[in-house]
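Heads up, the next two complexes both have chain A, just with different partners, chain B and then chain C.
And now, the complex of A and B:
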């Protein structure tokens, strides 16, 4: 007997009630949990950056480039969990060459490329071009050439051209906001449009994904800002934290309300899938939904953030609280992705039973691989911060 | 005075006529534009019989005739090179047992290939029956709709098929099928499902599961041929598809389908 089948026999032994015989194995594992988590971080971080730029929230200025580079680092990795999860990864390019027009998934490559090439890369390029020209002149050796190549040969740094950089960058940000909304709303749609699955199929899914994306992206930028300040031995600006905290607070309230509405609607409607979903949340998803997502990831951060709105003493305590909130919210959003992706596959479409899921450690779709895809963007971010340090940018007067 | 009134009146008429024409043109333009965009179909995804000379296949399963022998599931695995392990089925049989207390016991050990044993004591049984399952060959099939590369498609005869050389193994179709009829072939690493034995149909042979059924519980035929056996059956019996509210356009009709079945 092949080891793969042994794994399936083990799951079969742990299944409960009746499941269709083809449903024993979960189709989408931990990598598909990681994928919407990563794209959510991208969209959320970008939206925070756009806030600063479009709505001119001056106080968030120190986080602007950090947020953009964070978004780029995670976006570069976003497709990897998807591709490594395919059974035929060598055919992945078919999705770009011959996309099937009625498939929600087929559009992914285009949404992704649009966001990467048109929005993020262009915006960062316009943002950094002036500095890169200056850096190219200052440096010597390889780095000089690296910056020269990055400027794409556009070396004009006359005030008029620099002004155009900013103007074009602004336009891209304005285009980028709906693009970020589309990118992550679209990820929600991939799940929300599956009518066969009552746990996924809700028109609220794209909106819920979007708001949880914003929550996670904002938290990540908060953490990255604090960690960068720590390594650079710079004092963390509490006004920045308070300001990010305020946004996080409001978006978290919206996110919580939307997810609550979704569940209340399900409970009150109590359709044909109600019994099985009730069993699902009270058993298989109890820890990840109520404890991890609800309590740790939502209620505790909400209460703490509310408290921080009027508690203005003890700077060190407040900083620590913000740091902990950032981590808790990320745990909560990761759990939310887990609850959607894994939770939606644990119950049978016969609505009469459950299969079980045990994530493996090794292999292309194992835990280690998932951790790798989550750590890689942090490495990329460290590299980008070294290559394009926001704190060394050429200052431009407003 | 009167002239001026008349002029005013004329102006009013002209301006309202212009407004009407504008509105009418807008509506007409929008309608034409819309119908051009949408051509003839309302749904984003639906297969329709196009080639008049070809059959448009449908399936009937008569629950009253199924004895749960499992021959169909076994024959299918042999015919279609489906792995023998109990996790991969193009067709399987479920045994439903409705108990006196109203609860329902559903089993399908090894897809029913080895037959069934009733595990509920006779005195507790309200009713019991077998339900053979297979691909519903939906005309508005959700699995075909979601395939990102178009590797799964409907044949001109309305049979839902997969191009194994094209499937990228994203598993979206498996998620989208409400009936649990798809799986990832563990050796070929691509999506797999019932083809209604398309290779046999093309030679004029019946699908393997129907060929071996000792009671004739399964039937296939041309839904377009009003004189076909299947159309006659549908005319004379009250049949139902699984999960009609999902609007999948299922072409698998069950006779004597009980409300417990999903």
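And now, the complex of A and C:
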């Protein structure tokens, strides 16, 4: 038998029922799961930082810079899973130089650029400029020049100029909130607008993505804050944890409600795709949807967070609980991305069959690559925290 | 009172101006020469698309030599199925029929890939056979002529 026939027979053995030929292989693999996960972390971390800035939540101040730097580290890597998923990654830039207004991905390239250049970098720059000028004067050798270049040569640290740093930074934050919403709403939009796929096609998709992004970003900042405090041998401020925990609790409730509404609507409507989706969630997605996303990632953290709202004893227990909640929520949101991306490709448009997905380990589209793109931002964050330590910043009068 | 411009603004404007200029310069060199000639794509890609090796010849190429099969097929339910659906890609065979032989599937499983009993398919849409009950041990083509399935062999 000819080789490409053999390949067809091998994979046909893993499909069930009646599927169309183009549905045998999944086009979007694990890297497309990682991509919205990372983008969500960016948007979520930024929104938490904005809470402190715009709504003047003083108690969250220790996490402000951490959240911004976390957002930046993950944003720098956000496009990489997409690019390594391409068959021709060296052509990735073409989407930016010849964009078409009807291409959602092309326009997203500019949303991404806007968010990186205008929102995050500028906000961090305004926030750190004063400190960077001071650090440039304190250090010697190459680091002196690094900080000098980073200040773009604006060395004026008179009270009037520093005040403008804060004013302009505030304006950027206000612009940044809708930008963060658009950045992640867009990722949901890309799935929600695929009308051929009933598992994806819902106008709620951008909103669901947005809220799960906030949930994951807040959890990540919570974890990063705890880990940084541990390495710096600083006492973790329980008020900060409680405050982040409260936001996480409220956003998680909203997220859970929205996703629940989406499913209830789907179940009550019971459209022509309902039978196959029912089979999908009760078989191939059972573990990742009900156990991982629902129980581990939503119900357990929700109950625990509710419990922590009035349980105020045993500081060590509470800290441990927050840490575990952070991890569980991240697992839950990752599973949600998996259920959307992989789940949506497992059933056939014929509504009468399934294909199967086996994650590869090596290669540009494999698990190791995905793990690499998830670990790299942590390395970048460590570097940024070394270069721009929030705890060494020049204190400013309020 | 003189209008005050914070020193950050002109410097940032310069940085962004440089970035945008760099982008436009790079764009000038990176956009392929033939881009936009006919539409929002690289016109030279039309030539690229003629380059891949051709595998399928199309059934009209088959009928040049196999007129008899064309006549048989036309009379029965497989008339809409093109030759290469079962025989595989045939361009090489068309170019050099002496050396390159065409695939001739004979097994029960091959016929079963369309005709095996499948609850998800309408019986009125395609004829289905329970491969575990129907004349076990025999190949389909021992009785059926694949080009004319309902003209049973003696």
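Keep in mind that, in the parts below, the second predicted complex is superposed on the first by the 387 of 398 C-alpha atoms of A that agree within 3 Å, B and C clash if a C-alpha of one lies under 4 Å from a C-alpha of the other, contacts with A are read in each partner's own complex, and residues count from 1 in each chain.
Methods note: contacts are C-beta pairs under 8 Å (C-beta built on N, C-alpha and C of every residue); 3 or more make two chains touch, one makes a residue touch a chain.
All values derive from a computational prediction rather than experimental measurement.
On the superposed chain A, the positions of chain B and chain C overlap enough to count as a clash. Put simply, more of the residues of chain A are touched by B, taking chain B and chain C as the two choices. In the superposition on chain A, A:28 makes contact with chain B only, not with chain C. By the document's definition of touching, of the two partners only chain B reaches A:196; chain C does not.
Of the two partner chains placed by superposition, chain B and chain C are both touched by A:352. Legend: residue contacts after superposition of the two complexes on their common chain; A:126 is shown touching chain C, with no touch to chain B. After overlaying the two complexes on the shared chain, residue contacts for A:37 are found with neither chain B nor chain C.
When the two complexes are overlaid on their common chain A, residue A:186 makes contact with neither chain B nor chain C. Of the two partner chains, chain C is the only one touched by A:117; chain B is not.
Contact with chain B, but none with chain C, is seen for A:104 once the two complexes are overlaid on the shared chain.
Looking at the shared chain after the overlay, A:156 reaches chain C, while chain B stays out of its contact range. With chain A used to align the two structures, chain B clashes with chain C at 75-83, while the other stretches in 3-11, 21-29 or 75-83 stay clear.
The contact surfaces that chain B and chain C form on chain A in the two complexes overlap at residues 5, 12, 17-18, 94, 98, 100, 350, 352-353. The touching residues of chain A, when paired with chain C in their complex, are 2, 5, 12, 17-18, 93-94, 97-98, 100, 117, 122, 126, 129, 152-154, 156, 161, 164-165, 168, 350, 352-353. Only residues 44-45, 85-89, 92, 94, 104, 106-108, 110-111, 133, 142, 144-150, 166-172, 174-184, 186, 189-190, 246, 262 of chain B touch chain A when the two sit together in their complex.
Interface of chain C with chain A (complex): residues 6-9, 11-12, 15-16, 19, 26-27, 30-31, 35, 40, 88-89, 103, 113, 118-121. The residues of chain A lying in touch with chain B in their complex are 4-5, 8, 12, 17-25, 27-28, 85-89, 91-92, 94-95, 98-100, 102-106, 108, 190, 193-197, 345, 348-353.
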